[in-house]
Amino acid sequence: MARKPVIAIIMGSDSDLPVMEQATKVLDENKVPYEVRILSAHRSPEDTARFAASARRNGIRVIIAGAGGAAHLAGVVASLTTLPVIGVPMETAELKGIDSLFSTVQMPAGVPVATVSIGKSGARNAAILALQILSLGDRRIEKALGALKKSLADGVRKKNRNLGR
Amino acid sequence: MARKPVIAIIMGSDSDLPVMEQATKVLDENKVPYEVRILSAHRSPEDTARFAASARRNGIRVIIAGAGGAAHLAGVVASLTTLPVIGVPMETAELKGIDSLFSTVQMPAGVPVATVSIGKSGARNAAILALQILSLGDRRIEKALGALKKSLADGVRKKNRNLGR
Amino acid sequence: MARKPVIAIIMGSDSDLPVMEQATKVLDENKVPYEVRILSAHRSPEDTARFAASARRNGIRVIIAGAGGAAHLAGVVASLTTLPVIGVPMETAELKGIDSLFSTVQMPAGVPVATVSIGKSGARNAAILALQILSLGDRRIEKALGALKKSLADGVRKKNRNLGR
Amino acid sequence: MARKPVIAIIMGSDSDLPVMEQATKVLDENKVPYEVRILSAHRSPEDTARFAASARRNGIRVIIAGAGGAAHLAGVVASLTTLPVIGVPMETAELKGIDSLFSTVQMPAGVPVATVSIGKSGARNAAILALQILSLGDRRIEKALGALKKSLADGVRKKNRNLGR
Amino acid sequence: MARKPVIAIIMGSDSDLPVMEQATKVLDENKVPYEVRILSAHRSPEDTARFAASARRNGIRVIIAGAGGAAHLAGVVASLTTLPVIGVPMETAELKGIDSLFSTVQMPAGVPVATVSIGKSGARNAAILALQILSLGDRRIEKALGALKKSLADGVRKKNRNLGR
Amino acid sequence: MARKPVIAIIMGSDSDLPVMEQATKVLDENKVPYEVRILSAHRSPEDTARFAASARRNGIRVIIAGAGGAAHLAGVVASLTTLPVIGVPMETAELKGIDSLFSTVQMPAGVPVATVSIGKSGARNAAILALQILSLGDRRIEKALGALKKSLADGVRKKNRNLGR
Amino acid sequence: MARKPVIAIIMGSDSDLPVMEQATKVLDENKVPYEVRILSAHRSPEDTARFAASARRNGIRVIIAGAGGAAHLAGVVASLTTLPVIGVPMETAELKGIDSLFSTVQMPAGVPVATVSIGKSGARNAAILALQILSLGDRRIEKALGALKKSLADGVRKKNRNLGR
Amino acid sequence: MARKPVIAIIMGSDSDLPVMEQATKVLDENKVPYEVRILSAHRSPEDTARFAASARRNGIRVIIAGAGGAAHLAGVVASLTTLPVIGVPMETAELKGIDSLFSTVQMPAGVPVATVSIGKSGARNAAILALQILSLGDRRIEKALGALKKSLADGVRKKNRNLGR
């Protein structure tokens, strides 16, 4: 990945990696350069603040943040940048991610977090949403998204045929 | 507003207007041309599909969709476009918008909806998120967002001074 | 199954088949012809719309739709047909199907979805509800439902005797 | 209303009337004869059982039952008839109708209740669902539903024009 | 158990037996005669009604009813008897018993169900509550309850000593 | 009320009185002597413990406890007596009584609280449940309960006639 | 208030003041010097970080933070100080403060927030908890807390006498 | 551990030990003397009351209480002491600890419980919160907390480097 990353994927803990890899896979497939960082709103707040405050001038265009429980990561980053920030609520052992969802989505007026679904579907969707955002200035990605959309329908049709009726 | 709209704000019913006007206000203040439409995933599905399928080639760059209850509007539109779609869950009389939130955010892998907070804060944030997306290719908007962020902090500081302690 | 299907069972993904087979079993036992299709409100919206818009004139009389998460399938279909549409909320990994339930049942005035219980019981009940609807014009099915009801009570009585007290 | 009722609208208390009148209005507009009864699963269980057990032979074809809290009315009636039973969960003061919804929809395998949305939208939708069921054997009602569907889209379009943009 | 049963333990399905045996164990230990029946509010409503209507004159003094999902059993029985009815909400696969709890406890004014905790603790507590009720007219049971209470504290103290500090 | 109270109605605060008076009304109508006390598990724990520990020997036969929020009153009393304790969860401003319900009903094995519905219906039902318990040893109350049950059905029938159809 | 503040009461917006004044009242009554600041985790993140990082060396001993929605204020402050941080979840219009509660309490291992009840009771309790913490090194406050506890019980007893029975 | 305990860790059952050991581990590492007791609000109320009422004069400075379900332990103890009481809501089989959380945190005005997150993270955080409280009068612990905070950030940084990018 020689090109400079345009997407940053950050997460509160390396235990979130298996979920967030749903996002890196999409970016890899679409050849969009990205970086991955472990950054915790609560355990490494200063590193997180530094990252957020400098992301835009470092060439990052979209930030994807995965966090669980009192999931402040996306919101904390969003408070320090004017880049679009996408939040992926992690599933949690006890409250099943509803705590992560509320903590990520219920941001006050002025500081949006673009929240996607809980867990793996959300991680994959975060990357697609990032592609949609980049596609506004990049015809290659716009085409790739068109192909991806077509492949979704084709996949359903193929499953349909496999029903054997 | 002579310039061609780049943002479409759609909503399921005109009763959602007082909430969604939080979004139009932000766009007006930032001189970003937009259009507003009443479109219902359930009551006018064909108009909605037509709108969604043609939005990109009509010059729209971000779609903001507000809906309540079994809130399918954002998802239905997202299924038919590769543009970023921002969903605003409306507060509902009975379940207080938690039905709208789940229906908007819990999208399957492949079709993201960028969900913001329930109600008026969410509508305002949807517009700011749209600005953040546009700012990636527009220095004027990037600057405006920087000013907006500064004004948020200044607003808090002013309130602080008014405490009179 | 040579006769033309009168019931359509649709679902968002083939992973829903093990649940929805609770419905096909009931229809098989009662010799009611049906068709099964994978159709996704979000991944194959155009196929779904085509299906819904033509179902009535194709001889379908009741549509059973199973979907999970932001479960729009039943609602999207109901927006495009005047047939009765029965929604089966799928259990989901994170929110346990409460997202599917809210997304399916909380439809706006004008476009009902007849929602049944979450998961396998719901799939079975969807088929019975379809039989109840067909029974209004079909004495054979009316009788079959009477027998089914009796067998429910007999089943309970038999279990009771097996308690051995 | 000289013709024999084909729909029965029952409810647990006369305090549910303002909600359930959303259903009678639809039936009145569509000239479908119906009866309205106060019947409580808990306060008049024997009357309720008698009603349910005889509804089919009395010419009723669809039963609409509204109830709140531990809302057993629809389920109790469904246990005693093979007619389709539509349940309308009433909004409740404390739990906002989520108790009514769970009590109505989560029926065990064998005894479906076709559940619609909480409150007034649900009452209106219950009547439309009843019409959809009747329409399978009644071309007049089928046409009326087509007109209703068209009027929904027209209503949205009219609101759209009124936005004045 | 030659003596006539004074407690009836009923449940919607024999799959509830492993939970409800927490209740029979308590009654066995305290030598209180009881009967166990499978009775379903929805699948065998007439048997259930017959049981409820005759329980008091058959010598039953307290009814314990376990049911899950749209858990109507306790409420249906309570509507047909003036005996105290204790409801045990079963844990359910999807909604974890919160549907059972709401369906059991949220009874309308006039028809109480004495609801205990979800699942096995609840089944055990239902039996103890039944003993507490019987103890008002039975000194032997009153003493047994005093001993039970003491044994609870002794159990805790013993665990405490076993901590080995 | 010259006779010695056999029922104690306790509540955490005098602000609960308007709700708990639904219980006193039932007891007044049925001429069952009772006492009312403000007792707080958290603010007057020693008074509460003293009351609970001595209630049985003071002639109390059933305790009705109303409390809201982290509603410990019923559970604390139940831990110190072998009398049946009925818990009435109060509606709360924020969580609508679901906190009160969970805190009251989810008691551990060994210490039951007979929980009734949230708020006024629950208070009324608590008194009726207390009457049902007393009725096991009191034919007058047994008869009164039979009359009450009959009046419930009569009330429904009367409302039915008033529908004027 | 000439003495240096030992408690800091911070909140996300001046609209939280009427709630948080329940805390200042307790501190005023107990003559504990405090400061009040409007600080927003999302709108003035740098001021908030500066405050948190310097609070300990500025003589603050306990921080009380009130915030609503995706309530990150207490958590963000806790990530930057080793002082005890007490979080007061604000009631919110839509989700009634359950979002605030989850966002405040569900902190990851390593960074505790001492969470109290939602809304005004919580604000008052936050101040009492702060007093309890200070009381470990301050006999005057320890005595004041003893008096407060006694006054709680006295208040209940007085209300009891006023019942006039 | 020869020194007199300054922290008491109590829990409702020895089955809570594996969770609460997250707390003892932190105290062991920081050489803070503590005691562990099984005490049940419901099964051994008198022992619990005795413990709570004497804790302060026995040298205890902070009480950590873990309990699940209708989790009254922390609240009951808080009602009888002026020491800071930290509540750890246990995860429960059915309601996943949301019952424990509501029962612990929603305390009435006057009697705070410092509630931490559900389960193991909460137990660990309870101990850290206790250290934060003790640190106000103990420079050694203050330093240890500074080191702990630094180690949290270092841990995140190390994980970051291990990503190998």
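The chains carry the letters A, B, C, D, E, F, G and H, assigned in the order they are written, with residues numbered from 1 in each.
To be clear about the criterion, contacts are C-beta pairs under 8 Å (C-beta built on N, C-alpha and C of every residue); 3 or more make two chains touch, one makes a residue touch a chain.
Not measured: the values here are computed from a predicted model.
Trainee: Report the chain pair from F-H, A-B or A-C that duplicates the D-F interface, where duplication means over half of the contact pairs agree by residue number.
Mentor: So the equivalent interface, with over half the same contact pairs, is A-C.
Trainee: Counting in whole Å, what is the centre-to-centre distance of chain E and chain G, each centre being its mean C-alpha position?
Mentor: Between these chains, centre-to-centre, one finds 43 Å.
Trainee: Just give me the whole-number Å value for how far the CA centre of chain D lies from that of chain G.
Mentor: About 49 Å separates the centre of chain D from that of chain G.
Trainee: From the C-alpha centre of chain C to that of chain E, how far is it in Å?
Mentor: Here the centre of chain E sits 35 Å away from the centre of chain C.
Trainee: Send over the residues of chain G in touch with two or more other chains.
Mentor: 13, 40, 42-43, 45-46, 69-70, 95-96, 98, 105-108, 110-111, 113, 117-118, 121, 152
Trainee: Show me, using the given definition of touch, all chain pairs that touch one another.
Mentor: Pairwise, the chains that meet the contact rule are A-B, A-C, A-G, A-H, B-C, B-D, B-G, C-D, C-E, D-E, D-F, E-F, E-H, F-G, F-H, G-H.
Trainee: Give every residue of chain G touching chain H within the complex, in rising order.
Mentor: Of all residues in chain G, those touching chain H are 22, 61, 82-84, 86, 101, 105-118, 120-121, 124-126, 128-129, 132-137, 142, 145-146, 148-149, 152.
Trainee: With touch defined as at the start, can you tell me which chain H residues reach chain E in the complex?
Mentor: Against chain E, chain H makes touches at 13-14, 35-40, 42-47, 69-70, 93-96.
Trainee: What part of chain G is in contact with chain A in the complex they form?
Mentor: Touch list, chain G to chain A: 12-13, 40-43, 45-46, 49, 69-72, 75-76, 78-80, 92, 95, 98-99, 102-108, 110-111, 113.
Trainee: Which chain G residues qualify as touching chain F in the complex?
Mentor: Checking each residue of chain G against chain F gives 91, 96-98, 117-119, 121, 152-153, 155-157, 159-160, 162-163, 165.
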